[in-house]
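Chain naming follows the written order as A, B, C, D, E and F, and within any one chain the residues start at number 1.
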Amino acid sequence: MFRHNRRLQFEAKPEKPDPVYARKLQELIGGAFGEMTVTMQYLFQGWNCRMPGKYKDLIMDIATEEIGHVEMLATMVARLLEGAPSTAVTKMATADPVVGAVLGGMDPQQAIVAGGGPLPADSNGYPWNGRYIVASGNLLADFHANVAAEAHGRLQTARLYHMTDDRGVKDMLKFNLARDTLHQNLWLKAIEELRTDGLEDVVVPDALFDEEHAEHAETIWDLSDGAEAQAGGWASGPQPDGRHQFAYLLNPEPLGDLAMAPPPDPKLYDTYD
Amino acid sequence: MFRHNRRLQFEAKPEKPDPVYARKLQELIGGAFGEMTVTMQYLFQGWNCRMPGKYKDLIMDIATEEIGHVEMLATMVARLLEGAPSTAVTKMATADPVVGAVLGGMDPQQAIVAGGGPLPADSNGYPWNGRYIVASGNLLADFHANVAAEAHGRLQTARLYHMTDDRGVKDMLKFNLARDTLHQNLWLKAIEELRTDGLEDVVVPDALFDEEHAEHAETIWDLSDGAEAQAGGWASGPQPDGRHQFAYLLNPEPLGDLAMAPPPDPKLYDTYD
Amino acid sequence: MFRHNRRLQFEAKPEKPDPVYARKLQELIGGAFGEMTVTMQYLFQGWNCRMPGKYKDLIMDIATEEIGHVEMLATMVARLLEGAPSTAVTKMATADPVVGAVLGGMDPQQAIVAGGGPLPADSNGYPWNGRYIVASGNLLADFHANVAAEAHGRLQTARLYHMTDDRGVKDMLKFNLARDTLHQNLWLKAIEELRTDGLEDVVVPDALFDEEHAEHAETIWDLSDGAEAQAGGWASGPQPDGRHQFAYLLNPEPLGDLAMAPPPDPKLYDTYD
Amino acid sequence: MFRHNRRLQFEAKPEKPDPVYARKLQELIGGAFGEMTVTMQYLFQGWNCRMPGKYKDLIMDIATEEIGHVEMLATMVARLLEGAPSTAVTKMATADPVVGAVLGGMDPQQAIVAGGGPLPADSNGYPWNGRYIVASGNLLADFHANVAAEAHGRLQTARLYHMTDDRGVKDMLKFNLARDTLHQNLWLKAIEELRTDGLEDVVVPDALFDEEHAEHAETIWDLSDGAEAQAGGWASGPQPDGRHQFAYLLNPEPLGDLAMAPPPDPKLYDTYD
Amino acid sequence: MFRHNRRLQFEAKPEKPDPVYARKLQELIGGAFGEMTVTMQYLFQGWNCRMPGKYKDLIMDIATEEIGHVEMLATMVARLLEGAPSTAVTKMATADPVVGAVLGGMDPQQAIVAGGGPLPADSNGYPWNGRYIVASGNLLADFHANVAAEAHGRLQTARLYHMTDDRGVKDMLKFNLARDTLHQNLWLKAIEELRTDGLEDVVVPDALFDEEHAEHAETIWDLSDGAEAQAGGWASGPQPDGRHQFAYLLNPEPLGDLAMAPPPDPKLYDTYD
Amino acid sequence: MFRHNRRLQFEAKPEKPDPVYARKLQELIGGAFGEMTVTMQYLFQGWNCRMPGKYKDLIMDIATEEIGHVEMLATMVARLLEGAPSTAVTKMATADPVVGAVLGGMDPQQAIVAGGGPLPADSNGYPWNGRYIVASGNLLADFHANVAAEAHGRLQTARLYHMTDDRGVKDMLKFNLARDTLHQNLWLKAIEELRTDGLEDVVVPDALFDEEHAEHAETIWDLSDGAEAQAGGWASGPQPDGRHQFAYLLNPEPLGDLAMAPPPDPKLYDTYD
């Protein structure tokens, strides 16, 4: 069960409205790596976690924080849209280059649909959806997805940090950048700890090593011409899992037979003779 | 530019048809972590890579391999559907429990739309889409996404490995498992190498550390009741980036003011008094 | 079966082209509350209606009208795009602020895909889809959805009314506003009539009142801090259905046990110890 | 900012697993009228509310409760999947009618993707998305959408109530039914109160009545043959808004001119002579 | 403007219910090549047609017919679901192989969401969407898309024809098959007529032949190994447009330079040295 | 299995950056008729082709070429974005009309998500998805879809050709136009050849002519008022398939009975009396 405090986790007050930036910020709300993603990803991971204790509590701590991040961003977007020329007619936009530049860069749905507020969508107006998240029950696989989400989240925040000179917006982004730094470190640490605790190892899942075709777990196939990749640390030596060696296979040849679909059921009317 | 060899990278021949399993295998073709995802993710990352040399070549080597994995899976699905009771009428399904069990588990579009072949969709019939992939230009962020993709890919393959007892299918999956092992190790190694080469460090992006609010990069807020998370290695001590310490903040209080949207533009007819 | 008259239900002739506005109008064609939604929602409700008579006829009357509204909007969009600088090169846009403002606000697909015509999409270019509509077979539930659709439709139309000063466009919108007024009243009246006719009551569905946990049908849980909501008419007194009383529960505590997922199937490789 | 309590708002413990039902319950998690919808719809409405006080607090109270409903359903789904024949091979399904019936009715992604857990998707495996919700800033329009959401939510819950005979599942659904009863009454009451408070009236938005074409706000056009609709209370008499009369227009004729798109820009290569 | 006749264009009465088949028929309602697609594709093409006269009238004749086809299919689906074991509990499904087979093959949303009626979705429950259709303003391009739509429509209908032995269903499908035959012929004839009328030629659009690189309009590149394609009529001789010759290019080499993305903007934090 | 050559099939070098055009070009990468579509459509058709020989080889030759077209477009987009004012703040955009025009026309995700690179999406930022393609196993149906795809592809390319005056971009588009000319001719020729080879005839599928209701395969119903369509070659005379005659049916009347859904299952709570 959840409870809500009317105060924001951190302040979200721009110096002045900026409806062009309000569109860009949508990426951090409803983009593939926005706050709705980390909220829902961590909530479902927490609910799907099979062990009580430190991992489950950690996931739920962070998940609960992220709901509050959607709230901060949503509030910021509404404030950036205050007094925006949302209802300006085209004639005004073409008569005044400033209005023209602003209208060109706005998200029309923030006005028409949300009445000057945020949308559960990204900076191109595409709605957030449930296929953005994963909660597999395997914590190592999920924590890797979490590192990736926080890494792209901080990367996009850093890019957006340079697209404004509003001190209020930058102040909030400085908080977000810091949290994304922490969360990247956190999931990396948790990955280490899963190994220390003997719950998972390096490769996901920690199983089926005797069944898989071991000889194919070692060779990088040189399928794009040029062998510069051979200069990398991955071309020879031990693999991170400590079980395998790396090798670089030049001039690889297919191991299978011809790719061929079987004769069809005549009632399906596939072309066949 | 690409070229195609009519032989499969590895054999994909089931002992016998199994249309129920053909539906499940769709997850590895068109699911969020299926072969279409790694194909397109690596292709766009390779094309978006800003440096010639070992990283770009490595990405394109693996990307090109993955197109061939879609081909293997697509061929396997068509073969698993051979002679399937796709055109059976309901009366047959209800008269014969075997036919009933098979029809209940099939993907109807594999018959109606694809004529007994594979679809660019997942095991629930949802189409693959471009929001599944990321190619940000930042190799560290992208390689973390690649580790996550290979980890979930191998996890799903391992789960599917137990859902069949067909030796031909299992033989192909043993190859896939091995490649996913290699690719996980590979992207982990490449993450190390970006650091060794001085291109990236631990946190993505390697920038804005002086700007971000440093005091908020250290504390995990205990927002889900119970403090079991305090028992983790992330509750104190140095963070993986070597720059920060971890701390666990009990009884956290909001730092911001009331969440409040501003007065609306009257022409938008928001409720206001 | 349907028939078509080549004349529009109401005139849709702008004084002059306005490609920026043509993009915004897409919201009324293919948005979640646009004309495609009411068309398809009412058609499916009519086809799914189980009783011949006044309700079914009413739904089909309005449904059939709405197809003509898509036609009016589609015609208006094509006319607003006449002679638009769709094929202007960027150099022209950057040399001339008027062209720049227009190009910035246009939907590129109206030119590239539709050749200067309307799209089955909203003002952010997102396609209309079937999950926007509902036809449940329960007329009370559906009529509430219809009131909501007409309310948001008129609200968006009112917002768009202020974003143009073209007398031709405004003339058409005045018709649309009037129809949306009527249709809101109509579905509200039909909700009353379902009750008068003894077909449905206040709550959907009119069933299972003896089975549901009656004690939990009365209390609003104060889960967001601050008890201002207690000042509302919903904090005490009879509920609209005449069966229940309202109450406001301060300091609510969870009634369930710990949220915990069960031990996993080992073949699924969930993390577990 | 939000906080989380590890206990469920209400108990969610099935007597025994039922993986077929676990698929159906997905509708209440990630369907168009599921708990993710009411959670996100109310959160965005609360954040977009322009007035402090009873309405905003009410919305946030209910929004916060709904997050906990997603949690209850997610926990229930994981428990219904315990020990499910997720990893059964097809041969078992075809050999044993019970296993066949179960496998045919399962959601394969609950096993392959979520490791025996819930998905942010509906009962057909389609992901929840942000276009399901609306937060327009106009409380009357939004509360109508809320009534519709709760009405369809309770309707679907009632249908699902009959699809199980598990006393644990039914016990939770009895709680959900009761909350949906309350919430329908609540939003209906809030609609009344907006009027009492003079904030909104009957029609959304409460504006532009002098501008709209009044003569078209009264007549239902008989566009579907048969005039049974004339027997309804909507065919004459005052409309619910008290401003208009109803009328039923037999043999309606179009008021506009021919529907015709204008001559095209030659560089767009539309067919034209 | 449209009008509606309460009678179906053709009868849609099954001999008996068949809920498994009701799911499959969804493909013809809301699939990529279902009746919603041809309805909306032809409507938008008609509205986007720039010339009054025979083409526009033809398109609108067929478009208007197709709305009635959605109606026929929707009615058929509701009738196939009559008395379906929609509300059966899992225990019944596992106790009775007939019920098990039926439940496994049903679409759960037809019961839970539509109350035993049709959905605007395909046979995998994926909603119809506006990206399925095209109305480009170029009639030749659009008529080719129409031929493709009718071809796949008749193909899917033919496949579905074999999946039932219900004489009522088959009777309706015999009508649909005939209309799809006619419509394929019709669009093929209209393609001829565009050429006869001098409006379009063979290639779309009939323009830019002097600008395009003519030498690359003739050679098929042998990029998939094996030169069997050289045995086709397309390997030499005149092309259908009468302007070009066919040639088959063995051992093709790339004409461009290295694929390389440019140096990045440092503020975007792409990896670069 | 596939191999990759680092050189582009054809050069893709703009004279200078143009971020506004970079957004428009996305249509040719990830639009419904963009290069991702033809790549995936032809690959799945090739894999789903049931006959070794000239058709399968042809399909795979073209499919493999198309992957290289995505590569060309992706490279071009990255180059058009070089040095773009992606990170400009709004103040700069409103101060300088040139920057304003550019920012208004840009795709924000090309900067925020892709770091100045291409996206797997169209010019409105909507992601490519698998429902855009078809591979039915019936080559005639599929080749018609291929003609349509190449026709719309060349049409969109021709439109885009006029939206730039950059000689480098135009040079690449001249290559694309030529390939689209060839590919249209190619699939048209292949359609002829299927008939010559006796594999398919005119109508898809070449079956069920004796079963379908022949009398309904001849008449165009005049359902849109005005009989101009009667002036077309399709109103009388032989149909392209040589089996049927065309006729134009004036004043058509419905052949079916009333459209009516059956009585509902009471447990579904449809409204019924």
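By our rule, a residue touches a chain if its C-beta (ideal position, glycine included) is under 8 Å from a C-beta of that chain, and two chains touch if they have at least 3 such contacts.
Everything numeric here is computed off the predicted structure, so don't read it as measured data.
Trainee: More C-beta pairs touching across which pair, C-D or B-D?
Mentor: C-D
Trainee: Give the pair among A-B, D-E or B-C whose set of contact pairs overlaps with that of A-C by over half, matching residues by number.
Mentor: D-E
Trainee: Using Cα averages as centroids, what's the distance between chain A and chain D in whole Å?
Mentor: Chain A and chain D have C-alpha centres separated by 27 Å.
Trainee: How many angstrom lie between the centres of chain E and chain F, each centre taken as the mean Cα position?
Mentor: The answer is 11 Å.
Trainee: Can you pull out the residues of chain C that are in contact with at least two other chains?
Mentor: Only 1-9, 32, 47-48, 52, 55, 60-61, 63-65, 68, 71, 75, 78, 86-87, 97, 100-101, 103-105, 111, 113, 115-117, 121, 124-127, 129, 131, 134, 136-138, 140, 155, 158-159, 162, 204-205, 207, 223-224, 226, 254, 256, 258-264, 267-270 qualify.
Trainee: Give every residue of chain D touching chain C within the complex, in rising order.
Mentor: Answer in residue numbers: 5-13, 32-33, 46, 52-58, 60-65, 68, 71-72, 75, 78-79, 82-84, 86-87, 111, 115-117, 126, 129, 131-132, 134, 136, 138, 140-141, 144-145, 147-148, 151-152, 154-155, 158, 161, 174-175, 177-179, 181-182, 184-186, 188-190, 192-193, 196, 202-205, 207-209, 211-224, 226-234, 239-241, 244, 246, 254-265, 267-270.
Trainee: Under the definition above, what is the set of chain E residues touching chain B in their complex?
Mentor: That would be residues 18, 20-21, 23-24, 27, 31-32, 97-98, 100-105, 122-126, 155-156, 159-160, 162-165, 223-226, 254, 256, 258-264, 268-273 of chain E.
Trainee: Taking the complex as given, what residues does chain D use to touch chain A?
Mentor: Residues in contact with chain A: 1-9, 30, 36, 40, 43-44, 47-48, 60-61, 63-65, 67-68, 70-71, 74-75, 78, 113-121, 127-131, 133-138.
Trainee: Can you list the chain C residues touching chain B in their complex?
Mentor: Touch residues, chain C against chain B: 155, 158-159, 162, 267-269.
Trainee: Please output the residues of chain A touching chain C within their complex, sorted ascending.
Mentor: Touch residues, chain A against chain C: 1-6, 47-52, 55, 86-91, 93-94, 97, 99-101, 103-105, 107-109, 111-113, 115, 121, 124-127, 136-140, 194, 197-200, 205-207.
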